[in-house]
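I am attaching a structure below and will ask some questions about it afterwards.
Which chain is which? They are A, B, C and D, in the order written, and residues in each are numbered from 1.
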Amino acid sequence: MKVTLNKVFPLDGSVEDAWQILKDIEAVAGCMPGAEITDTIDEHNYKGNVKVKIGPMNVAFHGDITVQDIDAGERQIHLIAKGQDSKGSSSASMDLVARVRESESSASELAGDAGVTVNGKLANFGGRMMTQVSDQILGQFADNFSSKLATSTASGESDEPVAKPEVKQINGLKFAWDALVGWIKSFFSRKA
Amino acid sequence: MIPPSFEYHAPGSVDDAVALLSQYGDEAKILAGGHSLLPMMKLRFAEPEHLVDINNIGSLKGIREENGEIVIGSMTSENDLINSALLQEKCPMLPEAAKLIADPQVRNRGTIGGDISHGDPGNDHPALMLALDAKFILVGSNGSREVLAIDFFLGTFFTALETDEIMTEIRIAPQPAGTGASYHKLKRKTGDYATAAAAAVIGISGDSCRSARIALTNLGATALRATDAEAVLVGQAITDALIEQAAAKVMEICDPPEDLRGDVEYKTHMGGEMTRRAIRDAIKRAGGN
Amino acid sequence: MSAAQETLERQDQLQGIGCSRKRKEDPRFIQGRGLYVDDVKLPGMLFGALVRSPFAHARVVSINKEKALALPGVHAVVTAEDLKPLGLHWMPTLAGDTQAVLADEKVCFQQQEVAMVVADDRYIAADGAELVEVEYEALPALVDPHKAMDADAPIIREDLVGKDEAGQGKRTHDNHIFTWDVGDKDGTHRAFDNAEVTVREEILNPRVHPSPLETCGCVASFDKVKGDLTVYITSQAPHIVRTVVTLLSGIPESKVRIISPDIGGGFGNKVGIYPGYVAAIVASIVLGRPVKWIENRIDNLSTTAFARDYHGVGELAADKDGRIKALRFYALADHGAFNAHAQPTKWPAGLFSICTGSYDIPVAYARVDGVYTNKAPGGVAYRCSFRVTEAVYLIERMIDVLAQKLDIDKAEIRRRNFIKAEQFPYQSALGWEYDSGNYLPALEKVLEAVDYEGLRREQAEKRARGELMGIGICTFTEIVGAGPSKACDVLGVGMFDSCEIRVHPTGSAIARMGTITQGQGHQTTYAQIIASELGLSSDDIQIEEGDTDTAPYGLGTYGSRSTPVGGAATAMAARSIRAKAQKIAAHLLEVSPEDIEWDVDRFQVKGNPEAAKTMKEVAWAAYNNVPEGMEMGLESVNYYDPPNFTYPFGIYVCVVDIDRHTGETTIRRFYALDDCGTRINPMIIDGQIHGGLNEAFAVAMGQLISFDEDGNLQGNTLMDYFIPTFVETPHWETDYTVTPSPHHPLGAKGVAESPHVGGIPCFSNAIVDAFAHKGVTHLDMPHTAYKLWKTIRQLSLDT
Amino acid sequence: MAKTQVSFNVNGQDVDVLVEPRELLIHVLREQLRLTGSHIGCETSHCGACTVDINGQSVKSCTLLAVQAQGARVITVEGLAAGGELHPVQQAFMDEHGLQCGFCTPGMLVRGYRLLQENPNPSEEEIRMGMAGNLCRCTGYQNIVKSIQAAAAAMNADAGNQAE
């Protein structure tokens, strides 16, 4: 089950500030809802987790993140994240190319092309919601990214945005996974 | 398909249940009818550490009338809805719709409160509640509050319920004379979720539409209230052309995921068709034609 | 009372052939006393749970058992590595291929068996299975059989690379299994070149699953002291299982006991030998304790025995009057990752060559190519004989296509092409000898019963109003009762079947069979056969099946072979007992055997019916007073090798109304006339037909095992997989004619599968007929509301 | 996981069992109490083979925890016959050929038994709706409908006789 997404999100900060965050893999990972880097093997290889707990649903993926390419000229990174859930019953992978660039409409913009693949139990029972889910995850990633950018760029309103990523991450999780879980659930549930 | 281990709690009162929910927070799940949660646990998608079984709380069961309002306990089973003389007389759409849910055995366990609380757009009661303009009583550690159906469903599987809250009652105001209601559900087979379903509550005076509430099942991230479609009808003389316009408005707000039941185009058109049928029946029952 | 009346009364008391007697097996079932495999609980029994692959195609990089083994109550985690030393990591399939028991370095379909966790109970086993850590390296999955033989297709069976055959003759690609063809290729091509009219249609029989209500499972129990292996198993062919177990394990067949207890429906799902069985047997041998393995429903729908997945192309050549001059059928068969097709060894496409159907077609050619894909193995006969549903579906759809092309009525075109009664025994263009049939009168009987003309008139009126009504006709011929051992064997064992009868001194009897009932009511019908042959009440005749220690060797029950083969063996065994009994009777009556005649339940002296000995009396004498030099006792065993298959036929009509706003279909009427030759128990026959029609309804209208592009299964639970309930299921009308089989000792032909085989095309013909006036010639199954609405939409019929 | 004691009444007999909270009633009935009449067909509460009667209601015991049966009156197929007499529903299934492989039959019987108490004179449609939670692969349902109708007739005749 594979879905491809091409998204562009407006950013408040400058292209240069945005690039400082984008090229920092740990920072980027921090923008992924529920994701964390557990150890750094080298500058191109990391191990990480994505944990999701929503409604009665639990999914925990652990796997590898490989930095295929960091192109300072293009201000573009290419990541591949591959993971299996802790029970070995599902697997997911994401091939993400993200770049920051100038924009007419906003200070700068974040452009992401992602290919998300799910296999196993999740694909059996939740596969057909992947587009919505991936879409929302990527959107949430962008929101968190711009929040981080906002907090990183010194400004008077620094206290407000600080809380922002927190909140957004939680909501992001909820929204993103609600759809998938609700769908999976509707497969099995009859009535509560 | 074997559920994982958990600790089991069977509180005898709402207060005890709420206490357990506040104590265990995210690790606790409420067990109502169990026909949503247990299959998910068997698949190991859900692994709550604590199950709070509220089946022993008698106060959550039953259907009564209270200052004109119909009051339904959240743990009232689908079959109790079907067999309720009060509902058959004052709110016949509910027992009729309940007959379209699952199968007889499941309807003995499945509860209206559980169906609503999951905020699953595939469940039937959310749309019915929207069309009936119902109110929900939620009880938590901070006491009791009332939430309108229209404010309750926030996203797929995401409702206004806080983790320490339990839905205790559903309250439905009486329909004024000259009001008719109908629910039409298209499904692949007995026990299936709606491919598309529509509930319509229509009030008429003379041959024109006095009031209208239309809601949809399984056609979006939540049950949908079709206010634009309602606006098309209200204040107008009911004609086939008008019903067509309403159906068209309904189709505009449908955003269903594709699955084995059908693609977006099919489900959207079925949303329109179920709406046509629901409106026509509702009008008949309101005394129109 | 007159002698005639008195004879009739004695006949009735036997409750023999032709009587709708109540089933002898029912009392235990209605009181919850059936014994199914999961009901078996042996002392010290452990439970096995399988770890399955989340990928359709992947390398198994590593398997870590430690966490699972550390869980209290887990006794073992079995993987391919453990099976290798025993040579049990691969097993033979019924189709000449081999199949991985537990994934050997790679997995080739989703949910493939990777390891078995053996624990104290099913709860701990399930917990343990989650703790087995398997590292996979995903490979590109091949899902579409049409792409299987592309140059760049991923190779599924690396174990076969370089081998130019996989047990079924030459192959031309690493994902190619076999090419099988039959008939006069050149003659057929010529006939098409010179034809006045030809039609061609691509016709799919989608992947479905028999899904009996009881899933597959077993309890394996190895006695380390005695060296005996006993296996309770959900098998439609216990004797073949025993032979395979011996071939695999080296345990002498005399020390292997296979018991098929009550079986909760088979429908082809329980013919094969599955990895779970083998893993449980090995675990029991290794641990010296009984081990139970039971599938859950997801496992069942995902792994054990799919059916169909035949991607066909049908072509007919005819003259302007619709007389068929030639037939050319092709099918691409998706066999999944291992060729575990259920079939007699020499028949890689089963009996697909029955595809000329009920029609007199001078020349024909059929070809089937089998390919591997990353899907579960199988290709079983889902309530039919091997690939007969696929064959009948093609011809019964194609003759409708031809009728529409020539604008000939769909009943009339069948009249014009039927094999005539006087042509039997009939040699078909593809090599079969149809033993008997009488199609035309049966068709006329049905058309009259349903007022066919009236239905067509009503349809015309409805079409004028824009409504959708369809009338489906199916006039099919089945081929069942595999089979003559010269033509059919399984792993080299000829497809005979057997019966052993012992008559006890007091005149009751026990018969043991090589077949095994799964709901067909063998314990009743076999008893009725013996009752009529021996003149003993069927109440007093006990039938035993399924225990290889007591029953004579037989090939089992599938392909409607029980009555045609096992039933024949029963009659023959009974007849040899009666022959001996006649000598004893003559001895008791002090006349010569030639001077006595058989009358219902007794031997009487010709011309002096008063001088008679009942079979009961003879039975007693058989144990104390037999003629000089005769062996005592009254028993016989018969191994029956049928001279030919039997060819039951049927005429079905289905009337449907389709809601043009939702695509929903209402089956208004379904009329089924079946001719299965001699009818042994009409009540049971009707029940079999109801059930077969309902499974046909399920296949035609909703069943589908589907995959996404990566080989992930979709809808593998009963939420999505369509099993009709009381509410969706239509009312069935049944009827019959009787054309006995000339070569079967009783004239019986077998019936259980006809309604499935004939029902499916009848539903499809009705659905397509509803759109025929708009030029629609074919719609692939399943005919769901969703798919039909799409057609309605395309034709703008919904406005 | 600690086990808890659960006490309930099965087919007129009081029983105490020690179970884990996660144990499903169907497993406890079949494996601890050896009442193997009720079967497991789908595990997702679609097929009804596990149907038992709990406190006067038909319930799918694959989707009920054994701990939830505390204090309940449970009737399984083994409890339908009384005093060596088959229940009319059992007799009717035998007379009308309402079963084939027998796997769905216990669930059908227990559901049919309750249906006829909920509605002593069901129409064919009411029978089909009332039995819709039980799947059968063998019979095509027609003879099961006949069986329920025959049982209803027999029970009503019985009731009539007693009334006289």
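One rule holds in what follows: a contact is a pair of C-beta atoms (placed from the backbone, for glycine too) under 8 Å apart; a residue touches a chain by one contact, two chains touch by 3 or more.
Remember, it's a predicted structure, so these values are computed and weren't measured experimentally.
> Can you give me the shortest step count from chain A to chain B, moving only between touching chains?
So the least number of steps between the two chains is 1.
> Where's the contact count highest, between which chains?
C-D
> Distance between chain A and chain C based on Cα centroids, please, to the nearest Å.
Centres of chain A and chain C (C-alpha means) sit 51 Å apart.
> Any idea how many Å lie between the Cα centroids of chain B and chain D?
Their C-alpha centroids are separated by 30 Å.
> Between chain B and chain C, what is the separation of their C-alpha centroids in Å?
Here chain B and chain C have centroids separated by 45 Å.
> Residue numbers in chain C touching 2 or more other chains?
Counting only residues that touch two or more other chains, chain C contributes 122-123, 130, 296-297, 714, 717, 719-720, 725-727.
> For chain B, what residues touch not just one other chain but two or more?
Residues 1-2, 4-5, 34-35, 39, 41-42, 44, 102-103, 106, 109, 190-191 of chain B touch two or more partner chains.
> What residues in chain A touch two or more of the other chains?
87, 89, 121, 128, 188, 190 - these are the residues of chain A that touch more than one other chain.
> Once bound in the complex, which stretches of chain C touch chain B?
The touching residues are 122-123, 126-127, 130, 296-298, 661-664, 702, 706, 714-715, 719-720, 722, 724-728, 784-786, 789-790, 793.
> In their shared complex, at which residues does chain D touch chain C?
Interface residues on chain D, with respect to chain C: 20, 22-23, 27, 30-31, 34-44, 46-47, 49, 76-78, 80-81, 86, 90, 93-95, 97, 99-106, 109, 127-129, 131-145.
> Which stretch or stretches of chain B touch chain A in the complex?
Contacts found on chain B: 26, 29, 32-37, 39-48, 78, 101-102, 106-107, 109-111, 113-115, 117-123, 155-158, 191, 193, 218, 221, 257-259.
> Given the complex with chain C, which residues does chain B contribute to the contact?
Its residues touching chain C are 1-2, 4-5, 44, 103, 186, 188-192, 195, 260-263, 265-266, 269-270, 273.
> Give every residue of chain D touching chain B within the complex, in rising order.
1, 4, 20-22, 24, 43-46, 48, 51, 57-60, 63-65, 67-68, 70, 111, 115, 129-133
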